[in-house]
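Here subunit A shows up in two complexes: once beside subunit B, once beside subunit C.
Let's turn to the complex of A and B:
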């Protein structure tokens, strides 16, 4: 009687091991995060405070619009209600796409040399960070759903029509893709740390650009040409603007599908770039001492 | 030496030391200088965009594009002064308490609140002040009406009142570190509350806006901090009748009261301080 060699067993069960590894990272990270839930809830609720100023600011802007030019009380197709709803929706988009500390965390690991453990341990850096981040987000949503629900309920009047099934499906898909895009984009930026000792100025520029051009500050349709076209070509809009625009019915028909495909395309591009950067970076990297 | 002069001299020393420190790490200073300016320019871009679509903030409020830019320039000056003089120190206060460093401040023969509030001057925010000043001057030129010397004196006076109001609110929250240990969330709170005052108070209008405006004028006076000085510079909104002078007069009272409360709470906090093991 012959037994299969251990090597073969490993090969057969490799996907199972991988899966168990992922679940373990996820579980440990969730437990770690749950400790801070109280601070979370208050912090999240407070992050909605600027929306109060936005509601009144846009109220004032819309009240002074010149009348009688055919586009009654609208700015680039947004009514006052749309505008406020837009801001609330981008907060939701950002809840998916923002990755606080991801890029700076990676550069710190590179600079301080703790990245070595990922060379030795049978875990990839990216997969570890991915599940760690996923755990954070899951805990965050389970807690933040309370303040989000409160605010959206209070502001329900700003949402005039609820989208139908297909739009809902696209919206949710675009949020998931926003999470993936945010992760791989920031991971790629962080991995630049293999070549540059200090990437904080890069990160700052990225943060600045993404705040302005992702649509977090205002709907990017408001930008004048040719800026609007350029901004729609770069991936930043998929972090905040695109999901919100889908929900508000600003993207319709075929554009819905192409938009989603382009978003998925950017996810693949940055997932690939992150892999390449990691592989090349590790070859470039030299660790000394322990 | 008379007391006020002595304090002025101490402050000058602090300012000088901070500048030397900033100049020692020049690259870092430059990065901070540029980064805070970029935020400012981004906000300005947003405002320009808004006025691309609307002639004024609110119907018949008088806040047209350049009137609003006078306002924003003032907001920048007040915020940057508060940030430059007090922000780092307020941040540091929690650390002084957690690590027991406050012991060394308490034994010094200088008023503790003065020492804690002004020890570090953050020179990198000075760029924001200059941009604010430039913006206000430029916008006044576009409006074509220059304020009289008396108006300018009043403006500077109320600008300083605004700084005092923001300072008092900041250190009111900072002082709570003695009881709470950590108060980072409170600082975010300060930032958000203060940002309510970054727009003309007329925008808070309607069923919810009115009570909101009332609350942030009379209970937490953040709305007067920037609104009152800016109004002096804008011809069309400048207080003229007695009734319109009530708000500026109230602002003086509000400044005194909020500073007194801050002072009282700070002293109370010092009494509750029990040092950390050291």
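Let's turn to the complex of A and C:
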């Protein structure tokens, strides 16, 4: 096996050369996850419990609606079935876009100084965290696929129609983009820890905003104007609402293409912001802390 | 060729001045006041390729800051440094592949996985060819006696075993320069000894340039011929360990064991009694009087055993720090009286 000389490695061939490193990070991270499989499986299953309460909750809300005023058991265009279908789909979106512990993990590395590792060794923080996170997600899906399949099978009656091939493809693309956006967005937030020692209250506010405006709590197209427009302009909807809307056929044709492009655009923006925050942060760190 | 060259290197940290009281705290929120901490003050140092150098100094003297500067973790306020021809704080991969930093117990191993897995990751990080990787790993784990522990999860290893694995991880890419910050801190005597012997053997075999900071004088005595004493961000001594001892140790410790179980009562006229534990007694006497005292004692009393030692290095170093502190104080009072005998490069 031949290895290119470091000078070449450092320039254009870096990605070609580094796939070995990336695979190794992925492999080791998966091994680490599997050690805690018992704890992990229990946690995964417990996260499915709220689904039952949510289905009952929306059932209660819809049964309390006044009848005979022409709305036919709908809230802003959503029937009970639509609502449950939407809710289940955002669960799936979140399975891709949520990044538990990513931002707080980065701030901890900064605070405790273990981030030095990424200054001293020829490895980037973001590439390391990315493949580490990818490993977590892969292990999570391999476990969660069973309860997800059960839930979707039991709730199949809530879905009006299953989407055709092209919609499936765009849906999967939007989920992948949701993962990338979630990663770079939270990484950027975590990297603010270079300037602020304590970012947990900041993260809490972000979580709260995200819960409402990503569409996790309710479909954001329910919001009145001008809120609806504002919420559609910020990137949070691409974490939960957008993939679900694609699946449900709410965005079609040109809007679907634009939606995906904007989502990809946000991924690029936050990937760039994360890079900048890391570079500036390390400069700040080396000048003031260390 | 010099492996490490440092010219006028300084690092000043700006820290916010904390005041007591709510009003002061609120005011500081809008107009913070800063204090400047001079961690390293204009250091000059040249280390040749293959040297094993110890940095000595009390906590906060600037030893670790200097190592951080040399590994590129922090940027200097002024001055220059080159390690293997690289400017460390540029953080070029070409440099990062050629050195290693071990900061005692800062864990770079995966806690729940066997060390072998962390080593694989290092192999990829540094792009070590597989055959070289296997050879170096086996050599190092063999030397440190941890080869059979390669496949045991790191969390199940003892502190000493973990530290040995940390060393292996740091040396897998065969760095040309190695910075060791307190590598034996908190370890038991046996583990300390193994690591000392390993470092000595490894350095002799590979010719790696090593800088070591340690609070265990034993590490320094065993490993380093050259000692750089840093105090208050400045180098106050740079030379051989034996010279340092000769300079500072103007006294000897004599231990006598008397055969009849009785300790004479008039010994204090020979020197200062520092321990009296019949039948043994320890005396502190001036260096040039030591032989004379032994002769006189042996002529008068029957001794079973006599030994003469240099004062403990810890004591000497503590004395050096104390005199440096005093000279700094007197400097601040206006008269710059730096004792010539203990300083090489202060005040320039």
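Quick notes on this one:
What we mean here is this: the second predicted complex is superposed on the first by the 262 of 290 C-alpha atoms of A that agree within 3 Å, B and C clash if a C-alpha of one lies under 4 Å from a C-alpha of the other, contacts with A are read in each partner's own complex, and residues count from 1 in each chain.
The rule we apply is simple: a contact is a pair of C-beta atoms (placed from the backbone, for glycine too) under 8 Å apart; a residue touches a chain by one contact, two chains touch by 3 or more.
None of these values were measured; they are calculated from a predicted model.
In the overlay built on the shared chain, the residue A:75 is in contact with subunit B alone; subunit C does not reach it. When the two complexes are overlaid on their common chain A, residue A:162 makes contact with neither subunit B nor subunit C. After overlaying the two complexes on the shared chain, residue contacts for A:286 are found with subunit C alone; subunit B is out of touch.
Judged by the touch definition given at the top, the superposed model places A:229 against neither subunit B nor subunit C. Contacts of A:64 after superposition on the shared chain: subunit B is touched, whereas subunit C is not.
When the two complexes are overlaid on their common chain A, residue A:122 makes contact with subunit C while staying clear of subunit B.
In the superposed pair of complexes, A:49 makes contact with subunit B only, with no contact to subunit C. Subunit A residues in contact with subunit B (one complex) as well as with subunit C (other complex) do not exist. By the touch criterion stated above, subunit B contacts subunit A in their complex at residues 31, 35, 38-39, 42, 45-46, 49-50, 52-59, 61, 185, 188-189, 192-193, 195-196, 198-199, 202-206, 209, 212.
Across the complex, subunit A is touched by residues 13-14, 65, 68, 71-75, 89, 91-94, 96-97, 100-101, 103, 106-108, 110, 112-113, 117-118, 120-121, 123-127, 129-130 of subunit C. Residue ranges on subunit A touching subunit C, taken from their complex, read 1, 3, 6-7, 9-10, 17, 20-21, 24-25, 28, 31-32, 35-36, 113-114, 116-117, 119-123, 283, 285-290.
Here subunit A touches subunit B in the complex through residues 39, 42-43, 46, 49-50, 52-53, 56-57, 59-66, 75-76, 201, 204, 208, 211-212, 217-218, 222-224, going by the rule given at the top.
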